[in-house]
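I've put the structures underneath this note.
Two complexes are shown next, each including chain A; its partner changes from chain B in the first to chain C in the second.
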Partner chain A sequence: MRHSASTWVAEAAAVFMKEWRCEFRTRYSLNTLALFAFTTLVVVSFSLGPLGVSLSKGTALLPVLLWITLLFSVAAGLPRAFVQEEETQTAMALRLAATPSALFCGKLLYGLTLVFALEALVTPVYVAMTSLAIASPGLLVVVLAAGGYGLAVGSTLVAAIIAQARTKGTLFSVLAFPVLLPLLVLAVELTRVAASGTAPDVALPQLLLYDAVVTVAGLMLFPVVWNP
Partner chain B sequence: MTTTTLRFENLHRRFGRLAVLKGVSGAVEPGGMLLVTGANGSGKSTLLRCLSGLLAPDAGTIEYREKGTGLDTAERRLRVGVVAPDLAFYGELTVAENLDFFSRLRRVSAARGFAILDRLGLPTDRLAGALSSGMRQRLRWGWALLHSPLLLLLDEPFQNFDAPGERTARELLAEHLAEGGLAVVANPATLEFDHAAQRLDLGG
Partner chain C sequence: MKKLLAWLLWLWMSLVILGAFLYAPLAKGFIGESSRILFFHVPMAWVSFVGFIAAAVWSARYLFFGRDPRHDRAAAVAIELGLVFGVLATVTGALWARIMWGAYWNWDPRQTSLLVSLLFYAAYLALRAAVDDRETRGRLSAAYALLGLVVTPFLYWVVPRITYSLHPDPVVNAQGKVEMEARMQHVLYASGIGFAALFFWIHNLQCRVQALLDRKSAL
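== the complex of A and B ==
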């Protein structure tokens, strides 16, 4: 009953492809993420644009708003990763057919592509609209990649935990706060470093360590929270 | 011993203060079928969920050996074939796409599932969300038999079927048992089968 690595990868790939196939037919997450991102971008640009932000204040403030925009957009779409399976009663078929770790990784991969697409869409527009100067674009890309991965894996794990609860919305906020708070603090700090052009300190290894820890925790916890 | 057997002893399961299973025991041998009957709420579906590994019993033991090898709960969950009223599929995918997805998860060819659906007369190009209740039941059967399970757990297996659908499903069940498979069938009323079945009445 043990499976080889190739069959495990094939299982995770099947989940990933199924997620995108369903998403292209319903466009639920794509529309929700895009709507939230667009609304927040407009609000931020209208609020800051006419007033103007000085360079020093901009470097301190604008990275926070960027990550708040990304967080709210992700929070609007990703928690449905497992909730929808429970609500449409497809979770039972999945539990009876999928290896839990492969299912988790397939869902994570789907969430990751959504987050990366969101970042690729939002960040250039945000930087242009707010005139946020980026001294180290390379570091910003690394921070967006590592921070986006952390958002995806943290959200996927919390989504799995809340899927069977009755008060899903409230529980997501309560559980996501301690899981995502360290990530956001580090991502904001590193985005400031990328904007100012100073050398990154321990925050980057800490962010990578966070990603690794949450991934391992997700793989260990998921079979327990997914199955009885 | 290389045979496939299912034994469960003294199973207890509560939901809050409501005790649903109170010391239920039974066993099924190769080619055998256990027919579980009882009124609504007597615990038939709960028993099948415990046997499938979808629900953990509060007390008692479940021992499932497949070709002589004992399987733990996680392995049993992935091996059994289940037909249940609350088993649903992806409504935005076609029948064929659903079958293809689950055959990839189960690492088997989808051909067997398509052959079964062909026998049951279910068109595979239709969206699963647009199926009638009888057609959904046909898809459940095709899904349950996709990976050639040795243990079938059937909860109200003939509900919503028309006469030809029920006849074909009974044939599929008879073939499964003839090949040495096991089945546990739960139904509110007793069902008549051509082959002998042990009976377990959970009462009211």
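== the complex of A and C ==
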């Protein structure tokens, strides 16, 4: 690429700003997504029963349901980043305006802020509703950050893939869930560790490695996915 | 020449079947004749993974070395065959697990990793079915195959965790330490070679069929 580093950063930042500006213009979709996450959360918590689950079973079961809720919310909200470009036929203009890697990073940053916002909304309410005891909150924050990043980066790449296909909505879940499965298992395992307060084992470095590997794969594969 | 190779493959596989039932001894500690499924089940699982890796190689060649439609077809056919062999390996494995462990499904590490790779194959084929333009289809599905290849190795770390945390099953650990007799090894490796040859033979036929279909639809 002949672009200098500063124009690359400016491009990525411009894509990021554009995404949020579009979101705030309608706001409708953002509200719907927040409501979706909250409704899923209430359905999950309520289905467990008003009495909840016992403490010993809770540390095994509740982290699974938390991450499933987060996964579904991400699947409901994130694909729009690319699907919208194809639907409003702005994709071609975007191809001309930004280098693929800058575009990917801008979209990833948008997805990341969206996932973090969802986590910030869902996790405290979930912990309060299900009375999940968290022994080490610091570790939980780290796991949410690393797991949320993995969700964002995997979903961004898959969203770019499905945006050019038919039947976008269902296809996203079909393609993304096998990719995100290792991340989900590691995140659940670490959330259990955070809940029970034992020392984290190799799962944390493995989760970080997953994030790094999928980021590199995304940067390498995105240009060929994006440019015809 | 090609016909001769096909007949040789037929002869080879016949010998493998005979060997599996007549030449190889029964493994110790297995119920009845159940250990004989090994000679078919294990090679099919191998071939299923070979199909996945071959598809990733063809996808990389398609994406980064000159967008040759033949490589795209080869990758798609390898995934299709990988799915067929993977389903067969899963079903035979489940039947054997029912006899040995008392349940069709145990979340054994190998069962699980095969199941997840089957999800990948199926998702890949769903993606292909959802794109009409041939160039776009090749590009997107090749990228997805490579993403799958990058993520799958994590299952080798992740899957033992699931098994350990939810289903601690000592049978699974003992299974990894089966000491095999020489005659069983002969049949198993011969079967592996046979199934690999079968895979590439069907792959070759199916690629040619696909090429003809593509030409027909282009007319």
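Definition applied: the second predicted complex is superposed on the first by the 221 of 228 C-alpha atoms of A that agree within 3 Å, B and C clash if a C-alpha of one lies under 4 Å from a C-alpha of the other, contacts with A are read in each partner's own complex, and residues count from 1 in each chain.
One rule holds in what follows: contacts are C-beta pairs under 8 Å (C-beta built on N, C-alpha and C of every residue); 3 or more make two chains touch, one makes a residue touch a chain.
For clarity, every value in this text was computed on a predicted model and none was experimentally measured.
Undergrad: Determine, under the contact definition given at the top, whether A:Leu157 touches first (chain B), second (chain C), both, or neither.
TA: Only chain C; A:Leu157 stays clear of chain B.
Undergrad: Is A:Ala120 contacted by the first partner chain B, the second partner chain C, both or neither?
TA: The answer is neither, since A:Ala120 touches no partner chain.
Undergrad: Scan A:Val174 for contacts with chain B and chain C and give back first, second, both or neither.
TA: After superposing on A, A:Val174 lies in contact with chain C but is clear of chain B.
Undergrad: Quick one: classify A:Val43 as touching chain B (first), chain C (second), both or neither.
TA: So A:Val43 meets neither chain B nor chain C here.
Undergrad: A:Thr7 in the overlay: touching chain B, chain C, both, or neither? Say first, second, both or neither.
TA: first
Undergrad: Quick one: classify A:Glu189 as touching chain B (first), chain C (second), both or neither.
TA: second
Undergrad: Output the chain A positions appearing in both contact lists, the one against chain B and the one against chain C.
TA: Residues 228 of chain A touch both chain B and chain C.
Undergrad: List the residues on chain A that touch chain C in their complex, please.
TA: Result: residues 60, 157-158, 161-162, 164-167, 171, 174-175, 177-179, 181-183, 185-186, 189, 192, 202-203, 206, 210, 213-214, 217, 221, 224-225, 228 of chain A touch chain C.
Undergrad: Considering only the defined contacts, which chain B positions touch chain A in the complex?
TA: The contact residues of chain B facing chain A are 52-56, 71, 74-75, 77-80, 82, 84, 86-93, 97, 101-102, 104-107, 143.
Undergrad: Any idea which chain A residues touch chain B in the complex?
TA: Within the complex, chain A touches chain B at residues 1, 3, 7, 10-11, 13-15, 18, 21-22, 25-26, 88-90, 92-100, 102, 223, 227-228.
Undergrad: Once bound in the complex, which stretches of chain C touch chain A?
TA: Contact set of chain C toward chain A: 63-64, 116, 119-120, 122-123, 126-127, 130-132, 135-136, 139-140, 142-144, 146-148, 150-151, 154-155, 157-158, 161-162, 165.
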